[in-house]
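The chains carry the letters A, B, C and D, assigned in the order they are written, with residues numbered from 1 in each.
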Amino acid sequence: MPASFDPSALDDLLTRIARDAPRHFGEGNVASYIPALAEVVPDQFGIAVCDVAGRVYRAGAADTPFSIQSISKLLNLIIAIQHLDEADIWQRVGREPSGQAFNSIVQLEVERGIPRNPFINAGALLVTDLLVSRIMSIHWVMRELARRLAGNPALAFDTRVASSEMAHKARNAALAYLMKAYGNLHGEVDEVLDVYFHGCALSMSCVDVARAFAFLANRGVHPDDGSVIVTPQQNRQLNALLLTCGLYDAAGDFAWRVGLPGKSGVGGGIVAIVPGQMSLCVWSPRLDSYGNSVAGLRALETLVEGLGVAPLG
Amino acid sequence: MPASFDPSALDDLLTRIARDAPRHFGEGNVASYIPALAEVVPDQFGIAVCDVAGRVYRAGAADTPFSIQSISKLLNLIIAIQHLDEADIWQRVGREPSGQAFNSIVQLEVERGIPRNPFINAGALLVTDLLVSRIMSIHWVMRELARRLAGNPALAFDTRVASSEMAHKARNAALAYLMKAYGNLHGEVDEVLDVYFHGCALSMSCVDVARAFAFLANRGVHPDDGSVIVTPQQNRQLNALLLTCGLYDAAGDFAWRVGLPGKSGVGGGIVAIVPGQMSLCVWSPRLDSYGNSVAGLRALETLVEGLGVAPLG
Amino acid sequence: MPASFDPSALDDLLTRIARDAPRHFGEGNVASYIPALAEVVPDQFGIAVCDVAGRVYRAGAADTPFSIQSISKLLNLIIAIQHLDEADIWQRVGREPSGQAFNSIVQLEVERGIPRNPFINAGALLVTDLLVSRIMSIHWVMRELARRLAGNPALAFDTRVASSEMAHKARNAALAYLMKAYGNLHGEVDEVLDVYFHGCALSMSCVDVARAFAFLANRGVHPDDGSVIVTPQQNRQLNALLLTCGLYDAAGDFAWRVGLPGKSGVGGGIVAIVPGQMSLCVWSPRLDSYGNSVAGLRALETLVEGLGVAPLG
Amino acid sequence: MPASFDPSALDDLLTRIARDAPRHFGEGNVASYIPALAEVVPDQFGIAVCDVAGRVYRAGAADTPFSIQSISKLLNLIIAIQHLDEADIWQRVGREPSGQAFNSIVQLEVERGIPRNPFINAGALLVTDLLVSRIMSIHWVMRELARRLAGNPALAFDTRVASSEMAHKARNAALAYLMKAYGNLHGEVDEVLDVYFHGCALSMSCVDVARAFAFLANRGVHPDDGSVIVTPQQNRQLNALLLTCGLYDAAGDFAWRVGLPGKSGVGGGIVAIVPGQMSLCVWSPRLDSYGNSVAGLRALETLVEGLGVAPLG
């Protein structure tokens, strides 16, 4: 591990990044497609790092909970991998970058209801459909896994966000019904949407998210208790999928600029993994046109450069 | 570097892989779109590794030259990065996975003549157009760079392949003319195609290719002479681009199965990079439906598993 | 009016057509996407003509009721034109051929929720949304108009078909939700679908359909009672729309072969208009790959040739 | 034939239309994709009618030659129908509206090189390829047919326009090469383009065009000499194709507003057919966003309304 992991040096780096973040506070816009998200105070910033020893570093509003939104797609996929036969998953959802916006429906028709990957909306709905059909009390399972991974028993759904999502479900309903029309989604659309929206509505802070996904930097082993969350092979595969598909149609640019596996959400959070070393989480609500946090992306670039980490060398 | 780099262990691994390769000799088909490629003896296999100290390991037909085809897209991009202002490149070609076959024209119209990335045909033609307009004697420059990187002064164009490509230029001509219609390709289409096809028609062996791209595993520095081919940042960016876009619409699957930056060609060659450690090249002419070598992909999987390398860990 | 309208000659022509129809009974398949339609006895055929004096000619199973399915799209558009400000209609649905299958969703996303025309599913759902929001008791209005136009007070919804459609609503629900996501569909999706499916589930015979739409051959005036259904301009426009868009992505072929405004349904019915002269209705349940009745299309070709009618000259 | 064909009444109508045309002179833009067209004086207007007795009526700049551009697609299709086996034509080009802009390439890839219809660029290039391969001296045949149909032995190619088209051939070359890649276009691309561009570069006046296509209003018989240009069935089919496909992605709107078979060109000309009665030609260089003459379309609407002709009644 590079010298920069000297705790005080990393603290200094995070502090500097948090101090500089307001430079980007004017850029981009808060997600506006549901009222509950549109009301978020836009000019906030938090950052947290969790290393493979479980040590947490933080700066800015790192303990402020935000709506994790699409970061829940990663959580749901992990549940699916833990509970289901993988062949069942991968015959119903692909593993390729989509080259399309996260909520595009065009590709889904061309490819007859098989979503490209689990990190676009259609794919995440499909994974949720798998969970709904196979796992009892799936809401509870999702929340408990998030709590356990983050080591935070107080994590909760923001039910106001979940309700707001359901009230504005039209596009996701269109995706789900189209997959149902092709026979690929089996459950009741409204039930699938309810579970999916609850996942999106999990409230977590940067510290929560960094801790929750630190196992992805540690070959699948939770840093705190040594429990195996996924196998080393699954862990490598998840990171590969995050790298190629985690940021929708900005995945290539993120790989180019940051060079790490990552997943963003329209709540303004981004989680990234430095394999073998640490997980990173940034949060700032204003988004660029791809739905990724503007200040968050800049902070990640600075952090990666400052740490000198480069798994793609 | 893991113990597996013990030279004799690596030699054993490669020998075993080459011995097992014939199991896949019945699968897939040799590229048939030009006669010169269709005549290749299908059931051949070679493999080579070049580590960051410049040591080469090999097995099978590792010294048999083959047509590098799309691996030349990487060579051309390196020339562009070396000779041109990068901003000039990236305003005319993107850096995102295409989610489409390598020679698709649909996306090019939707996105008004800006190809998604330099590793699909349209993007490679665009990079070639940049080279043609800015670099004198570009054929010579391409061949000399390949010779120098591979340390093989005998490398040559297979002019029969280049002529055959030109005689069957229709789809690439369509891509080039469409970009010209949008004002993004500036040169004469036939001149751009001629240079592009010559790059594709470079004949290189697995050993040549592994040596030529070993610098990508070495932070941009050539292992043999210490010369800087690209900067560390450019090196990391190239690897990121290879990982997200190097295998066309099978990039996600390759990342999932192999987890390395890589580039394939319809001649049956695949080059892959283990950052910080080594470059790998496999070759076997039969292709899957995505245009990637069947036996080559399997060999890479086995090699990566055997080496225990996992940059995405 | 040509001499061929001599009643006995027309009767002879229809009789001959009905006699020859069984030649095509092996071709094509009954619509299978809902069980209630899949159960229809496939090898049936009916034909009816209604001239502008209101005289009806018939042969085969011309009085057997069938599910009018997409022919209801024409009925719904007529109600919209009668009750709404036309500008309200045409700012929310286009008037161009779609060049796509009747239930395609691709175009709807590309064109941001504005369906191409009222005769593809998305457009018909949009027209239904307009009806639902502006007209009280719209089910009743639809049925009453059908009864009045056909002069048959016994016309009824086949509620078993309507229920079966609702139970297999997925694709139409996807279309409706996507339009809702774009803000173009305003009502509740399930309510819109219920009305739409009831229209599709109207049971009418060839004689009913021919009588119902005879006004389109009579400059908008009902032959029986002289009432104005639509204005002459609206009548001409409806016929133009039927000619360019009435048979989905087989509209061009229908115009080429038959040369008349027409509308088909997956129940196997097709209605066609000879402006100034008569309306025609054929019915036979087996469909070609475009969803149009095989025997019905052949019968129409023979009928048009036998009558010597050629508005496109 | 309606009373409005009283010669002086028709003359009055045309005179009034020509007098009112300047109201639209500010709207739209002259085609600018080739310099030779961009130089045309924009604010000109001509109109001509040729009835089935061969009588010509005219107003405005009805004798000013203009570049017929895409109207040549109709001429080429007529030559193909006259000289080739029709089955040879229709297995290589479709007869359906495209729902896309005239020069779109997307559909051509999706449908593997088979253009939708002969009136979009790809389809016209394909028809030209058929002509080139089967007919000696095709330039001469095209010009002679135009001269004969128009009764004007002075008709000529504007070679400056043809050269300018060839110098800006990129998009049409892309379409042709893509069809060649799919094996559907057989000839040399540049030769096909040369013939196609010469057709586009025919200079004809409104009077020439109206006379040339009057046979389409006369069941395929030339009004002047009684010669059969096409059979009655072919004539009806051509009119059907013009109605569904003649104005690209504005075909539906043209049918709705004008209700006649028609063909437009980016030179600003539009020809329309009233089956059984007359042909119409208008010309004014400023185009709307679909590539159709703004003042021309308005004039046609007024003319059709004034004449009271309504084949779709």
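Note that contacts are C-beta pairs under 8 Å (C-beta built on N, C-alpha and C of every residue); 3 or more make two chains touch, one makes a residue touch a chain.
By chain, with names taken from UniProt: A, B, C, D = Glutaminase.
Because the structure is predicted, anything quoted here is derived from the model rather than measured.
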{"item": "Interchain contact steps from subunit A (Glutaminase) to subunit C (Glutaminase) (minimum; 1 if touching)", "value": "1"}
{"item": "Greatest separation from subunit D (Glutaminase) - chain, by CA centre", "value": "A"}
{"item": "Rounded Å distance, subunit B (Glutaminase) centre to subunit D (Glutaminase) centre (Cα mean)", "value": "48"}
{"item": "Between subunit B (Glutaminase) and subunit A (Glutaminase), distance of the C-alpha-averaged centres to the nearest whole Å", "value": "32"}
{"item": "Centre-of-Cα separation between subunit D (Glutaminase) and subunit A (Glutaminase), whole angstrom", "value": "56"}
{"item": "Residues of subunit C (Glutaminase) engaged with two or more neighbouring chains", "value": "none"}
{"item": "Chains touching one another, given as label pairs in label order", "value": "A-B, A-C, B-D, C-D"}
{"item": "Interface residues, subunit D (Glutaminase) side, partner subunit C (Glutaminase) - complex", "value": "94-100, 107, 116-117, 217, 219, 232, 235-237, 239-241, 243-245, 249-253, 255-256, 259, 261, 273, 275-276, 310-313"}
{"item": "Touching residues (chain side subunit D (Glutaminase), partner subunit B (Glutaminase)) in the complex", "value": "104-106, 109-110, 169-171, 173-178, 180-181, 189"}
